[in-house]
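In the two complexes below, chain A is the common chain; its partner is chain B in one and chain C in the other.
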Partner chain A sequence: MGANIYRNKKPAFLFLFPAFLFMAVYLYYPFFKNFINSFMEIKQLGSSGSGFNTPWYHNYQEMVRDESVWVSVKNTLLMMLVTLIGQVGIAIVLALMVDNVRRGKQFFKTVFFFPIVISATALGLLFNLLFLYDKGMVNQILEALGRETLIDWKAEGTALFTMMLPVMWQYVGFYFVILITGLNSISDELYESAKIDGATTLQKVRYISLPLLHNVICTCSVLAVTGALKVFDLPWTMFPKGMPLKSTFLTGTYMYYHTMETKNVDYASALAVMIVILGIILSKAVNMIFREKDY
Partner chain B sequence: MKKRIVSLMLAGVMILSMAACGNSSGKSGDTAKSVELAVTTTFAGEDTNAQNYKDAYTAWEKETGNTVVDTSATSDETFKARITTDFETGSEPDVLFFFNGADANSFIEAGKVVSIDDIRAEYPEYAGNMNDDLIAPSLVDGKKYAVPVNGFWEAMFVNMEVLDAAGVSMPDGNYTMEQFKADCEKIKAAGYAPIAAALGNIPHYWWEFAIFNHQSPKTHLEIPAGVDDANGQAWVAGMNDIKELYELGYFPENTLSATDDETFAMFTDGKAAFLIDGSWKVGGIVGACQSDPEDPSTLDEEKLDKFDVTYVPGSGDRKASDLVGGISMGYYITKKAWEDADKRAAAVSFVEYMTSDSVIPAFAQHAASALKNAPEVDESEFNILQVKAMRMMAGATSLTGAAQDLFQGECRVSTFDGMPEIVTGKVSAEDAVAEGLEVYHNQ
Partner chain C sequence: MTKTKKNPIGSMVVYLILICWSLTTIYPIIWVVQNSFKAKDKILANSFALPFGELFTMANYRKAFNNLNILNSYKNSIFISMTVALLVVLLAGMGAYALSRYKFKGSELLNSLVIAGMMFPAFATIIPVFSMEFSWGIANTGSWFLTMLSVILPQTAGNLSFAMVVLMGYIKGLPVELEEAAYMEGCNAYQIYFKVVLPLTKPSFATVAIFSFLWSYNDLFTQSFFMRRPDMYGITMLLNQLTAKEGTNYGLTASAVTLVVVPVIIVYCFLQKYIIKGMIAGAVKG
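Presenting the complex of A and B:
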């Protein structure tokens, strides 16, 4: 009688059903509908499709020809690289340094984690003010240091740097906290033994910390790369409509641009399908590259 | 036995509830005249008339005993999308204050709103205080649906401090593009940006007037059939004019990467001389002259006096005093409310009240209205910039609607969002206009 309780899986399905229903209604159905919409002709935002495009795959044809699509994909891939090197890389350095300080670990944890709790839109507005052409803080500092002309940080040559810097800065603390937790789980005995053997600090990092952090670094890398695909609010706040000259579009901002600005909803739906496919491919690739090791 | 007692008690409660329901129905029958009206407008957020609207509908509620369920929101693309979806899903409001141009096409095509003529068949006095010639007809069927409140105009704001520093005199109604370019050269030489405009963000006003300068008030609202016809070539010439001004360095250095807010701040901070914008910008300039933008009592009147408003330089058949403007929004009564016997009268009463001779002046202020008997304006009630705006409007020789109100959606992309590509020569004006027109005619 007692064993039957565990054999009967029906109650488990019953409890899983509400969550499944929620996902089906609010995720899978909209995605399926979006897929259909990508072949339809939709005249404006909020209205339903008036029929299929001619040819029905027109939006996908258009996507291949659209230069801004390629710009947005290129920028998104660049954003991934920046998040990997900038976010995870800097977080590793910070975590290793903070792990070696005797006092104030908690202080640094709080300071580095703080940007995470600020909304991306607020950060976008903040960095907008920092990089403002006229009266922006950065240009004011440069002016005080003797520079005579103002730098347009949002011009074509510098826009990507200006856009990616705050994104990178915002999430360093997130990976820092994960990594420092990983470092804390490494037994002190290993470091003590290494010390007795005469290992320097750098050698301890090279031969103890980094190898034992491998799986944590892999997890952070997967999170960073997949997170880069979803970056939207901060870039859109700082560079609406892919300004300047449509050079700062990411896949997410480009889809939003076509939904809300040009009202080309069916094309935006096709872009959304592309983003999902791109996300699946990249996630698989990243999971393969950063495969965790069994110890 | 216990079960029987409980059953009896439940039955008793049910009977009492039914009796209570019966009583409440009776009461609602007694107050059948009190109606709850769902109203959606754009008088919300930072709209200068948001408070006027609240005051007006509260007064109407007191007067009639009806209730307004207000779902107003700031006028933006999300709002427009919400209205479209509401009509498609049958959850539209009873009364709607909305655009009367292409944005309204979908619900007019679907027959979801009632025309003014149909309402007048039952309520002959409806919108009787309006000059019918100033009520814009629908682009779908030419019928008039929206009862207007206040109009708009577009003109050129001037920072007099910059003009004085550059030795340039205040432009008048005969201002030409050639004079404008000469003035811009002087202003640029004096170290200021002649034109405050973010071409990468809001090129709309320059787009409108640059095209208008190659047309006339009669032809401005004709969307070209193609890039090769006379109007099409006027559009191309307009785009090339903006390109020329860009190449001459009359726009701010960061015009392609700046937002509209940034270039507006340049104008109010005395770093740029001219700003083409709409009547709604009067409030923005006044706000910039207040130490607390929320508190009108903190207005620096001396600073405000340094701003003026004049005509956009003219060319060809368009005189500078030929303005772009009109009445682009109004109150619609939806078919849903019209077919509801209780709501029909309330909806008509609401619109009549909100568009009455006593309510409209508070909304219209220095902008136009469609009232037959425009009330006398007491200048002492307005700030100096509003007074200057009224004087400028008094000298207008014509008021023509905005062509971009007819040219909406995806067709705009190549010449609005594509303006940076046009002025930098990455795309020719001819190609950009041709692409936009092709999309427009396929929409």
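Presenting the complex of A and C:
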């Protein structure tokens, strides 16, 4: 056996050292430091704090009382729902359709996927222009269709919709590609024998494609839920500081708001801890819901 | 794939829906490109007309190059993203090789540390990272190089664990016999890595490099912590600041968006196979 090569462990250390040094300094240590920071008092980004809060769990107490925290958590949960139903749902429909057409598969794949490679900041500006009150593309279309009054897409009632629509739209193509790869791995023979039995296209989708896609759909759902927690660039570009009236905060943007705008750095650290915990709980929950149905 | 005979109306409806969704992704880009050639007030009057004749103007682009100094931000962004991609490939490659081939006490632990590293969201590490770099004198300085470095280091770390997972998956699938043969010829572990494993892992390196590059190029969060001066802005930071400073100059906004988006789309058209693979592989990354 050639395991001889790898009997001498000294090179392994040299290979591993740079990567793990990097991660220790920039990931593991900051992660724990952040946890400790959430109990300290820090008034300026970059300072190491002036000691512990009194009581030490002050920030967590504050979080429960802070209305904006609840708003941001509520918005984030809504965002998850939108990504689950909107992104994964639309992606499933599109993938099944593309799988059943003869021509243009590659074209649709290319076109559906490309919003993902564009920076969310650029897309934020783009959608700012599309949703201008006086008069972006959307309002111009509505006017051409005969609508008399313009819609203020950034007012309180519509702001959440205007924020979540682009986020949803951007990532549909992502799940589409994952799902279409899953569909391609389903054996043709299954479809052949279904055809001999006289199944219609819809029946084939219902009884072959969808059941066999179950595990891929699971993966997509977990990704969609955890992805919703990471959304930052686009909402912050379109609705900086939770405008209007702090109603569009997500957990991520709210944490950033306290770091950069109010300089309440220790509170922001506590919010970051909350994001981590939320992420763990929610991905565990999604995993559990789908695992039980596993074949 | 052989399918049942097509119901012509049904397949027309399917195509119609697919084309509609394609329009939602393509048309906004065309719209913003065509309006980037119009004066601000003309956009508001009629944004659907093509910018020919009297409508056409290059004023927005002149402003983008002269006042915004968009080329400078390009330079910053590309420098950062290329360095990040390079560092990630270099460090993750060596780490992934050692973790896939060497079995020693604690290698299991290191494995789980790598997986755990993917779960840490940037939100949870950024504040301590900033104080750390600030105390070292890297962050918030007037030096161009140090500012770039202060962005490069955390972005590299953020991509390492994902890259190692992808590369490990690939290296584990390589036949060990090749390495044995090289060993018989008298190569040491370093030569085996650089002369045998590295060339074989190229496709996977491409995936990882493209993902790291794009992720770093598009990331606003890290940039906004470390870039405080306009001449040091990367491209996303520049765009973000544009809303605050020139929020009502729609022509300029349109031209800036065009300048940022169009090169990416061109690159995407050529490299889409690798890009799609890289982005999907990177999905698990935090």
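Keep this in mind: the second predicted complex is superposed on the first by the 270 of 295 C-alpha atoms of A that agree within 3 Å, B and C clash if a C-alpha of one lies under 4 Å from a C-alpha of the other, contacts with A are read in each partner's own complex, and residues count from 1 in each chain.
Note that contacts are C-beta pairs under 8 Å (C-beta built on N, C-alpha and C of every residue); 3 or more make two chains touch, one makes a residue touch a chain.
Everything numeric here is computed off the predicted structure, so don't read it as measured data.
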| said: Under the stated touch criterion, which partner chain does A:132 make contact with: chain B (first), chain C (second), both, or neither? | reply: both
(message) In the overlaid three-chain picture, which partner chain does A:264 touch, first (chain B) or second (chain C), both, or neither?
(response) first
Tell me the contact category for A:155 with respect to chain B and chain C: first, second, both or neither.
first
Mind working out whether A:57 is in touch with chain B, chain C, both or neither, as first, second, both or neither?
neither
Per residue count on chain A, the busier partner among chain B and chain C is C
- request: Once the structures are superposed on A, label A:37 by its partner contacts, choosing first (chain B), second (chain C), both or neither.
  value: second
*asked:* A:46 in the overlay: touching chain B, chain C, both, or neither? Say first, second, both or neither.
replied: both
- Query: What is the contact status of A:241 with respect to chain B (first) and chain C (second): first, second, both, or neither?
  - Reply: first
Interface residues of chain A shared by chain B and chain C, listed 45-48, 132, 134, 240, 260
Interface with chain A, chain B side, in the complex: residues 77-78, 80-85, 88, 106, 200-201, 252-254, 256-259, 262, 265-266, 269, 271, 409-410, 412-413, 417, 420-421, 424, 426, 443
Within the complex, chain A is touched by chain C residues 1-4, 6-7, 10-11, 14-15, 17-18, 21-22, 24-26, 28-29, 31-32, 35, 44, 46-48, 91-92, 94-95, 97-99, 101-104, 110, 113-114, 117, 119-132, 134-135, 139-140, 153-154, 156-158, 160-161, 164, 176-177, 179-180, 183, 188-190, 192-193, 214, 217-221, 224-225, 235-236, 239-240, 242-244, 250, 253-254, 256-257, 260-261, 264-265, 268-269, 272, 275-276, 279-280, 283-284, 286
Residue set of chain A touching chain C in the complex reads 2, 4-6, 8-9, 11-12, 15-16, 18-20, 22-23, 25-31, 33-34, 37, 45-48, 90, 94, 97-102, 104, 107-122, 124-130, 132, 134-137, 140, 169, 172-174, 177-178, 181, 188, 191-192, 195, 199-201, 204, 223, 229-230, 232-233, 236-237, 240, 252, 255-256, 259-260, 265, 268-269, 271-273, 275-276, 279-280
Residue positions on chain A within touch of chain B in the complex are 43-48, 132-134, 150, 152, 154-156, 159, 240-241, 243-246, 260-264
